[in-house]
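Which chain is which? They are A, B, C, D and E, in the order written, and residues in each are numbered from 1.
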Amino acid sequence: FNTSNKVEDAFDFKGKEHVTWININGLYNTTEIEKLGKHYNLHPLVLEDIVTTNQRAKIEEYEDYLFIVFKMLHFKDDEEIVYEHMSLVVGENYLLTFQEADGDVFDDLRDRIRNSKGRIRNARADYLMYAILDAVVDNYFTVIEAEGDKIEDLEERLFLQETSTNEITSDIQKQKREILKIRRTVFPFREVVNKLEKSEWKYIDPRTNNYLRNLYDHMIQVNESIDLYREMIWGLMDLYMTNISNKMNEVMKVLTIIATIFIPLTFIAGIYGMNFENMPELHYEHGYIIVWAIMIIILIIMLIYFRKKKWI
Amino acid sequence: FNTSNKVEDAFDFKGKEHVTWININGLYNTTEIEKLGKHYNLHPLVLEDIVTTNQRAKIEEYEDYLFIVFKMLHFKDDEEIVYEHMSLVVGENYLLTFQEADGDVFDDLRDRIRNSKGRIRNARADYLMYAILDAVVDNYFTVIEAEGDKIEDLEERLFLQETSTNEITSDIQKQKREILKIRRTVFPFREVVNKLEKSEWKYIDPRTNNYLRNLYDHMIQVNESIDLYREMIWGLMDLYMTNISNKMNEVMKVLTIIATIFIPLTFIAGIYGMNFENMPELHYEHGYIIVWAIMIIILIIMLIYFRKKKWI
Amino acid sequence: FNTSNKVEDAFDFKGKEHVTWININGLYNTTEIEKLGKHYNLHPLVLEDIVTTNQRAKIEEYEDYLFIVFKMLHFKDDEEIVYEHMSLVVGENYLLTFQEADGDVFDDLRDRIRNSKGRIRNARADYLMYAILDAVVDNYFTVIEAEGDKIEDLEERLFLQETSTNEITSDIQKQKREILKIRRTVFPFREVVNKLEKSEWKYIDPRTNNYLRNLYDHMIQVNESIDLYREMIWGLMDLYMTNISNKMNEVMKVLTIIATIFIPLTFIAGIYGMNFENMPELHYEHGYIIVWAIMIIILIIMLIYFRKKKWI
Amino acid sequence: FNTSNKVEDAFDFKGKEHVTWININGLYNTTEIEKLGKHYNLHPLVLEDIVTTNQRAKIEEYEDYLFIVFKMLHFKDDEEIVYEHMSLVVGENYLLTFQEADGDVFDDLRDRIRNSKGRIRNARADYLMYAILDAVVDNYFTVIEAEGDKIEDLEERLFLQETSTNEITSDIQKQKREILKIRRTVFPFREVVNKLEKSEWKYIDPRTNNYLRNLYDHMIQVNESIDLYREMIWGLMDLYMTNISNKMNEVMKVLTIIATIFIPLTFIAGIYGMNFENMPELHYEHGYIIVWAIMIIILIIMLIYFRKKKWI
Amino acid sequence: FNTSNKVEDAFDFKGKEHVTWININGLYNTTEIEKLGKHYNLHPLVLEDIVTTNQRAKIEEYEDYLFIVFKMLHFKDDEEIVYEHMSLVVGENYLLTFQEADGDVFDDLRDRIRNSKGRIRNARADYLMYAILDAVVDNYFTVIEAEGDKIEDLEERLFLQETSTNEITSDIQKQKREILKIRRTVFPFREVVNKLEKSEWKYIDPRTNNYLRNLYDHMIQVNESIDLYREMIWGLMDLYMTNISNKMNEVMKVLTIIATIFIPLTFIAGIYGMNFENMPELHYEHGYIIVWAIMIIILIIMLIYFRKKKWI
């Protein structure tokens, strides 16, 4: 196991009985990639796909090697999701991986190779490929579960109704778009793994096929989780609309109760505020008390009515 | 039929002409599971799948055995649904089952074996497998029908409108998520049963195939029920929104009726509460009575109008 | 053509060159059914399916006979839909039918046999089977068209707006569930007819195949009608929501017009109801008339504004 | 080219090297149709399908002829869509067409034959069939484009908001149902054309196949147009709901502005309308002016607030 | 590389070992197109399709050539999308392209041929065809991304809420229809590229197939982008409805707060504006102050209540 910054150093290992794994970090040093492409006899379209980051996950079978492009998801600073373009070329006894950025996603894998535990160290290139893809799918799980947590957070905030309305709409909208973007990135990868499992490529060991089948099952699970969260987030928007309607209903009820009670009472007060010369009630000794009594009776009738309507 | 806590005790039965059924309760004693795996020559991926509870239902055909993973649903304390991870390995004359928790789901089945009634006791491993899967599907039915009852409860509560709005929204939301979760768990099992029926695995008797076809029909029915309840619960949300709108409409009507009647009347009272020196009406002998008469006429016109609009 | 209450009476006809049709009404007399099953050598699963009413429509091909399960729909007292479980076993020269309840669905068919009109009397068992299934599909049409009429009734009631809101919501909801239930019952039958037409079962005459193709076309039409009505009833809910919104809008307009006119006028009246010592307007000779003039001008402006807004 | 009212007159042409086209207008003269059926040896089911107008579009291949059923759409009086049941039987050198009503849909085609322009006159029966189906599909286009125009009309009316609300809801609903009905009628015809193109029927010339492929492309376009208009009309309902909400919002704003301004002012007026003996403000020389000043300040603050809220 | 306005000038090149590319701008000069069609032996249907602009994208394989029809999208004056009908005929060593309008879409391609860089100049007709289709798909990307930017603009405007409501509804509606139209135009092209890649047409070099596969991947990406934007724009309408509801809620709250505070206070003022002879409070020395105190207490209670409800 060697680490080097020059591609040529790696060429000596080719053809030996051990498997060579060359990992290129950063797609800017195109000259190195071209050298590598020449050395391993890669098709010009493959080289173009390696450096074009705006790519859909796909798998292509060439004479001497398999070529796989996909996106890797991980969190940057535990917040933002990074969509990293990756390519992978597997030949008989070599494996080339191209990462968009310097990353440490495969550190764990490298450690397992260094420490020679498990099947990794003595495995052939196809098993190594499986191990890398497995790590990628594990990352998918991590990212999606984190998104799921965010959605459940949003739902709880909706029930507590403690956030201002505009902020939460914007958060739901953002989350919705995030899920759509992840879905669009991750879904094609299922097809890649499926093709990989189904393909009868000569350098894939039948024993590795069991592992690929497993990988495919995981990808199905990933996609189902995404669709579940997608459905949940559409439900959130509905729930939010329901919340608004509920609140407006409550506002309306308060207004209606107050207005319905006091408008008639104010009318009665208005009647006896009139300045007609000839208003006999005004001269009754207990007129004022009687009016108060009438008002209180109206109030009580109103309250009973509202209670019956279950408004209070 | 024997019950034991040590795996080795069961090994003696292997290879005899009777079928051996070993059931492991609890996935924590991995050493026992590994011993068993070694004894029956299980693939490492199979052993891994047995102890990984976060699994999608699937079936895998190996050289000597079939391996099936699925989730079993049952109620805990008649309230909460438990999703129990189960695995099943069927060989020529043995059957291994692995349950996540100590459970009594197969008690009924065990009884039928003990009492030797039916085809169970003399059956081969494949028929026993069918009997177990049949019990699982029966459990699915039980759980789904219970969920269906809950949904119909919710619908009735919506029509009676006796629950507070927030509570019922939260209940609908919870129910929706429960159905989505069941759906996600149960749907892949249909594919498993389908593959099982279609597969030409050597140890499955053609006679058992008829039973598996029957099982597949039941699974289709399970899935259709789930989708029906799913559609019904989406309809509940709509119904709830309609209820809110209806209520708000009613609130608005009460407000409008009261305000529309009394605001003009209060205006009239306000007119004759003005202190202008020169207001001839104030000095009419019957001014006060006439104003009352006008008010009552306005009231009657209003009521007729509302009646025509079907508001009252 | 014979009618009898004992199964054995029918056995004598078996094997003759005429076709035997045995119809069992009611699934409670299991002993008779078992006798029949023994006589015609039916699989235990078939017998189980015959008496299990909670079944999805399906077709199963056995060595000597075809077995078809389905639901028959008809109206009880022209109101409630009855879902009757039926099974049908067709052999080379016999036809067994099992009905859940005593029914008169095939009376028409029986008449046609008795009167020997058409192809029925001299036909083989497969044609008889076609005739029965055709009668079933005709019943589907009748039921679905009746449901369609109910939906159009609901729509008309919505446009007339003469029913109380809660009643109509509940009716729409009920109708929606009815359609979903019919759909769930009828849809699998299409697959049955399709399999029947496609199957190369030895006892089906090629000439009958043309008729089965026709039957299949009818089933497609049945399913399309169901889906059309389903879409229409979802549209009704939308229409109802629109109606509510429209009504609330109208209520709001009335409130707004009345309040917007009289609140400012009442304010003016309030002004001149104040008891300040030094209010010069009160002492103008025409003060009262002027105030009335101002109020009428305000009223006219308001009315013009509302007219412009198309509120009145 | 001959026109006659008696079927027998047409029989003489059969078997000659020219192609015979017999067109029956009106399905009521069943005896003529039966004569024709006997002459051309048509299956009883075909004859039944010809006279049953409630049919889904389909194609059936018999020994000696192809049988096609479909609906033809055209406008009656430029308003109502007529769904005319048509059947078509193509044999080696004859073509029978059956129309539900006397129509002039094929006048243009007949003219082309009479005037011997183009490939029509010397063509075989299969090309003639293509020409008829092509005319039918052209009619579909005409009808659908007219529906599309109606939908755009509706949309414009919605934006202008000049129609009364109930009228437009009813129009949208009617249009929606019309589109659903057209869809249900036209969609199966695509499958018919597809089967026709795919079929290896002996009497279809390979050269005609290019034309059928073209026809199939047109049918796809027809169906896509229908689905586009369907989606647009669902969007209209949404747009309408949005319009209602917008209007209600505007109504609410007017109410709120008026009420919010005048309710507090009326309160102030109410204060100084009280009859307490000891109210010092009443005796201030400029009390009345000061109160007016306060009221105007409140009014200005309110107006600024509404302006900030963008309500006015 | 030659440019000429007469078709005949181009014929001399035919049959030579270099590839001939003839591009016709404008479909009005049908005589030239017919001459070309005669020269290259094109089927009449092909010629008809070339000049019929109302066409769905399709590919047809003839004996000597491939015929492809599609729409090209580009912006006119950076605003309006132009849907230009294009056809393409590829033979062994010639390539005919037909554009609806004079355009400069292939200028870039022509420059690459003139300057002889890359594989273009020495390539065969099939590679040239790929290059043209690739340019078309690139144009699709440009147009769709521009639409995506417009949708994001709309979303931002919705969040800022600075546009008048009617304007933005109309913009969303317009955008929705634009996306639907693009979708309808572009989607069939994916099938064309797929068929092209899958087809085993004799004049397509296996090496070109890799490029076509790449093209197909791009088309999938195009279609996914369209569907993503389509889903986003449907979400905008929801968001807009939510905004309206939010605003109405806010309006309602202001009305409710003002009305709920001042209606009861006005009632109190009304009470003491009554003219009863016997109202003891009026004669209390501090009556006026006490009433003010009561009113302020009521105000404070109201404010606390609103604060608790989170309305202010």
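Going forward, contacts are C-beta pairs under 8 Å (C-beta built on N, C-alpha and C of every residue); 3 or more make two chains touch, one makes a residue touch a chain.
The structure displayed is predicted, hence computed values, not measured ones.
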Fitted rotation between subunit A and its twin subunit D in degrees, CA, nearest 5: 145
Centroid distance [mean C-alpha coordinates] between subunit D and subunit C, Å: 25
Subunit A and subunit C: spacing of chain centres that average the CA atoms, whole Å: 40
Junction residues of subunit C - those touching two or more other chains: 241, 245, 248, 252, 255, 259, 263, 266, 270, 273-275, 279
Contact graph of the chains (line, ring, star, complete, other): ring
Cyclic ordering of chains (reference subunit B, direction subunit C): B, C, D, E, A
Subunit C contact footprint on subunit B (complex, rising order): 155, 159, 210-211, 213-214, 217, 220-221, 224, 228, 231-232, 235, 238-239, 241-243, 245-246, 248-249, 252-253, 255-256, 259-260, 263-264, 266-267, 270-271, 273-279, 309-311
Subunit B to subunit A touching residues, read off their complex: 43, 45, 49, 55-56, 58, 60, 161, 165-166, 169-170, 173, 176-177, 180, 184, 188, 237, 240-241, 244-245, 247-248, 250-252, 254-255, 258-259, 262-263, 265-266, 269-270, 272-275, 279, 281-288, 291
